[in-house]
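Sharing a structure below in structure tokens format, with a few things to ask.
Note that the chains take the letters A, B, C and D in the order they are written out, and that residue 1 is the start of every chain.
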Amino acid sequence: MTEAVEPGALRGMLENMLTIRAYEEKAAAMQAVGQAAGTCTSVGQEAAAVGVVAALGAEDLILTNHRSAGHLLARGADPARIYAEVLGKATGYCKGKSGSLHVSAKELGVVLTSTIVGAELSLAAGVGLASSMQGRNNVVACFFGDGAASEGSFHESLNLAAVWKLPILYVCENNQWQAFVHRRETMPMDHISDWAASHGMPAASVDGNDVEAVYRAAQAGIAHIKTTGQPYFLETWTYRTRGHYEPDDQGYVDPDELAAWRAQDPIDRLQRKLDLDAVEIQVIQKRVAQRIEKAWNEAIAAPYPALADLTSDVYA
Amino acid sequence: MQCLTINDAIGQAIAEEMRRDSNVMMFGEGVATKRVDLLNEFGGRRIRNTPLAEGIIAGAAVGASAMGMRPVIDLLFAPFMTLAMDELVNSAGKLRYMSGGQFKFPLVAMAMTGTGWTVGAQHNHNLEAWFVHSPGLKVVMPSTAADFKGLMKSAIRDDNPVLFFVEMAMTFDSGEVPDGEHLVPLGKAAVRRAGSDVTLISYGKSVRACEAAASQLAEKGVFAEVIDLRSLKPLDEAAILASAKKTGRVVVVHEANRMCGVGAEIAAILAEKAFVALKAPVLRITSPDVPAPSSYPLELAFAPQADAIATAAASLFESDQKAVREIQSS
Amino acid sequence: MQCLTINDAIGQAIAEEMRRDSNVMMFGEGVATKRVDLLNEFGGRRIRNTPLAEGIIAGAAVGASAMGMRPVIDLLFAPFMTLAMDELVNSAGKLRYMSGGQFKFPLVAMAMTGTGWTVGAQHNHNLEAWFVHSPGLKVVMPSTAADFKGLMKSAIRDDNPVLFFVEMAMTFDSGEVPDGEHLVPLGKAAVRRAGSDVTLISYGKSVRACEAAASQLAEKGVFAEVIDLRSLKPLDEAAILASAKKTGRVVVVHEANRMCGVGAEIAAILAEKAFVALKAPVLRITSPDVPAPSSYPLELAFAPQADAIATAAASLFESDQKAVREIQSS
Amino acid sequence: MTEAVEPGALRGMLENMLTIRAYEEKAAAMQAVGQAAGTCTSVGQEAAAVGVVAALGAEDLILTNHRSAGHLLARGADPARIYAEVLGKATGYCKGKSGSLHVSAKELGVVLTSTIVGAELSLAAGVGLASSMQGRNNVVACFFGDGAASEGSFHESLNLAAVWKLPILYVCENNQWQAFVHRRETMPMDHISDWAASHGMPAASVDGNDVEAVYRAAQAGIAHIKTTGQPYFLETWTYRTRGHYEPDDQGYVDPDELAAWRAQDPIDRLQRKLDLDAVEIQVIQKRVAQRIEKAWNEAIAAPYPALADLTSDVYA
């Protein structure tokens, strides 16, 4: 586990992070000009999504929440279909019925996305239970925020996973914000891992803006789950550098704190680490931008669902 | 025919379905302690005690059902379901729709409810209407041992989340249950007693009160039809309308609080779709708008009783309501 | 008269009541961030951000109110209330009764709901009927800026738990609000438009759809009375019955799902207490029995619109329903 | 805090424990012969109630749950009025509307009793908030079980109390049972104090069958709350030696475990410690028995509520 991650893999992660960034900045820009509904971006937090998802296997499952584009894209989602979902189009992953806040993509193993903060924790226990009952030998990665950890479902989920030995990788993206409230106002400690550790499971906290560190930490967690059959907790220490939901003027954010974290941007850090030359970076950025542009145009061109779909998909 | 308590009828249904389908499992607070037969037959992986936390019990069921399991969960008493509303309503009820049909949630959530044990309002609160009001869910509340078995089996086989309510007062009552495979479909009411003059519509143990009221009425020459809804969602509108159109007079009875209860829904359906057939106002006999009291005499007064139902039904004949209407509206 | 957004009307109501009574306080997720005016005036002890946990927000409000505080809590969006049902229903709604009257619970729990922001079913779910069904609670859902202010003030002064629903689509709409002390009593409906031929009963932003429908109907010579319930519990039965008896024809309109909704309750009241006055079936125009979709065209189709209301109302005149009834029932 | 508790005080505690024991055994006996509805007893756990309540002042408040007779009696409740409540009589503390499961007695400072497991935790936060807002300078003692600690409300309540500095003494009676399930089946550790400690508050665990130890531990907690204005957590390690609810044949209980704990009966232990002679003990026991007998007869003779009370006390 201590060898360096090979540069090719890291370059892939860089491209993934750039894709997420470009996807979300475009979504925000389109919202600003009235072409899309609001959405929650993960700008500044891309390393958590990319690092963890890179460590997962194809058979592993993912639960995410309202801030899901990073997880989806890291898992190989088609940006056109996410945009389509945000726009309420029939080609969206959920046929436009979800909108941006709860995008599931079962074909990618991204299941049961809920925007009820804390529900991802509750549902993950069940997904883990099914994996365990079905002898799937897979890992269920559950992404959630520091805010979600304040919900009772956090405690209930971790406890059940510990007692029933469920193969869950809890990934808490501690981005310091819980909508319009700073984490500091809502808990006495800084780290969610302190709470998790009391559940008798290993609970690590990692520099969430260092994608390589996140990747290795996730690998360690997955190895633990596979060898012990027990859950593992990983906190990524990061920052939400855009607002909670577009639009958001961030008037309530301490500008110094924001600036300090912007200086720790995970994409910049990886670029510096990889020491790519300007041309190489431009090539990647251009490829990413084209892909995102194309995806947006596809989504814009897609049809809305038929009115008959108002009443379909309620009962199985 | 076998004679089983309702509790055993439920247990038998679950056991049969567990034998039939290895994805069926059951968990809840004390489930493995109280259903030792199931534990012995199916082992501790499929029959589990849980931590004391209704939210995660329901959440685990919802998540597992989406991945192919068919969990049955026991939430003990209906008021404890308040701790699982997000999981039941926002997740189980909505995530199929919200995901554009990617998931289905074949789970059964049981809870006891109703008067009879003087346990007070935090154990006895008839919440079935909440779930009827919520999209994506099904709701059953049987009244006979046979139906408890047959509906539980159907509920387990159903691909949707089913709320399964058990009248606590009836848990240890015995009744006949057909031998062999016995399934009762969701969404079909039963006519417990045929009649031509007035329809008494009910569910759960209020059906018994209706039957008793029907006997009282028969002595006076009034023949009441008694309908046991059994399923509250889907609701057997056809059965309700057929009877109402036949008799023209309807009393709806339930223990749940009155406002926005299932009785309101039935009266509303009648006011829309049986308007021309109705000969008299639709009456509701329900508990008053108060929490269930513990004290025995108050608990008795809280629940609809046969006398009140019979009196209400009889009142529909007292004056000629149709004549009154003609006078007033002309 | 001042012109205020509904959001500001609510803020002004809370500020006035906080000035008037030092026991009034407000908390919730982001309350202190979003209501900076209140924070500045009343300080961080009386205006608080909370951890992200609806259960404890509600539990803290219930416990504090029993000890003499008058908390206003913001639970953000109605579906999040599913995480506070025990506190709201089992504690706030029942502990007065269960304790034999030892406690009272003067608290206000706010939440946004309704279509208009295409946020989907986990932010938009009209749950008001659940609380109407539950004993011990009061429920309001205003439709004008003046009523938002006046009802919020009354809700804060009320000694009972009040659920206060805000149509998210209307939050930033402006309307006139009387200057000075402005109180609107709980439990009183408003006649928004007088009419003699048909009654449209509604609440929240569906009142606007009813008003638009009434205009359409007026063009055809049908004069609709529009009733804005404002309070759903207590429900102004007298106002409902008075109008129904006057017009004999009623359409009930709301965005909440149909089964066991407030519309069912109103139709049931009419079927019992206005039976002789009704000249036509009672119709309900509601959302279909599905979760609220996000996609814009589907969301629009989900909510009752003026055209459908006008068509429904007009249908009550199409054939002479009373004649039909006489033929069928004779 | 290290001086011995003076013997007079301990003798008072003994009498209180004997009163609770006699009260509950009578209630169980009457249930067995069909004269009373079922009820939850705290036989074996009396030291927790008596030790903690003895440390409270008159201005302090108590929240309890379904297993409340001990807390009520320790606080000076009239056993006749508790019996009356259990019997659904008009003279009960709640006019018979509660029954045994949620007996509040505001006049004694025993407020908002709920039988929803975990609700006591949630409500205690509000009671603590009111105390804090009103500057009462009192302590709110919240009694709850090890099972209640599995509910999300445990986590939410402790966190809010820590963040808002609420004057709450959390008292977890870890009696090893959660209705018909052993604690061991529901959590990975033994002690609830492990969970509590992660909330950044002092979390002690005390021998819950040693009333003197409980009393001192509660005093220490109260002193902490009064000096720091912060919550304190105390676990009493004890055992429910009767069933969950009368009747209960305890067929699911390990007889060896039960026997071992019966040998640690808190009343026996205090009697041994106090070294009272047989006559002295008999005098106390007789006084207690007479009091309980009288209380039962009073309750039996009391009237049921009037039918009009069915609809009173719903709205204020």
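One rule holds for everything that comes next: contacts are C-beta pairs under 8 Å (C-beta built on N, C-alpha and C of every residue); 3 or more make two chains touch, one makes a residue touch a chain.
In this text, all values refer to a predicted model and were calculated from it rather than measured experimentally.
Shared contact partners of subunit B and subunit C, listed by label: A, D. Considering the contact criterion stated above, the chains in touch with subunit C and with subunit D alike are A, B. Note: centroid distance subunit A to subunit C, computed from Cα atoms, is 36 Å.
Chain centres here are Cα means. That of subunit A falls 45 Å from that of subunit D. Subunit A and subunit B have Cα centroids lying 41 Å from one another.
For subunit D, residues touching at least two other chains, in rising order: 95-98, 102, 114, 116, 118, 150-153, 156, 159, 163, 185-187, 314.
Looking at subunit B, one finds that residues 50-51, 53, 55-56, 79, 82-83, 86, 90, 97-98, 120, 122, 135-136, 289-291, 293-294 touch two or more other chains. Taken as a contact graph, with one node per protein chain and an edge wherever two chains touch, the assembly is complete, since every chain touches every other chain. Residues 150-156, 159, 162-163, 185-189, 194-195, 197-200 of subunit A are the ones touching subunit D in the complex. By the touch criterion stated above, subunit D contacts subunit C in their complex at residues 92-98, 102, 104-106, 111-114, 116, 118-119, 121-131, 133-134, 152-153, 156-157, 159-160, 163-164, 312-316.
Within the complex formed with subunit C, the residues of subunit A that make contact are 37, 88-89, 95-99, 101-102, 114-118, 147-148, 150-152, 178-181, 185-187, 252, 304-305, 307, 309-311, 314.
Residue ranges of subunit B in contact with subunit D, taken from their complex: 29-30, 33-34, 49-56, 79-80, 82-83, 117-120, 122-123, 288-291, 293-298, 301-302.
Interface residues of subunit B, counted against subunit C in their complex, comprise 79, 82-83, 85-86, 89-90, 93-94, 97-98, 120-122, 125, 129-130, 132-136, 233, 235, 248, 256-257, 259-265, 267-268, 270-273, 275-284, 289-291, 293-294, 321-322, 324-329.
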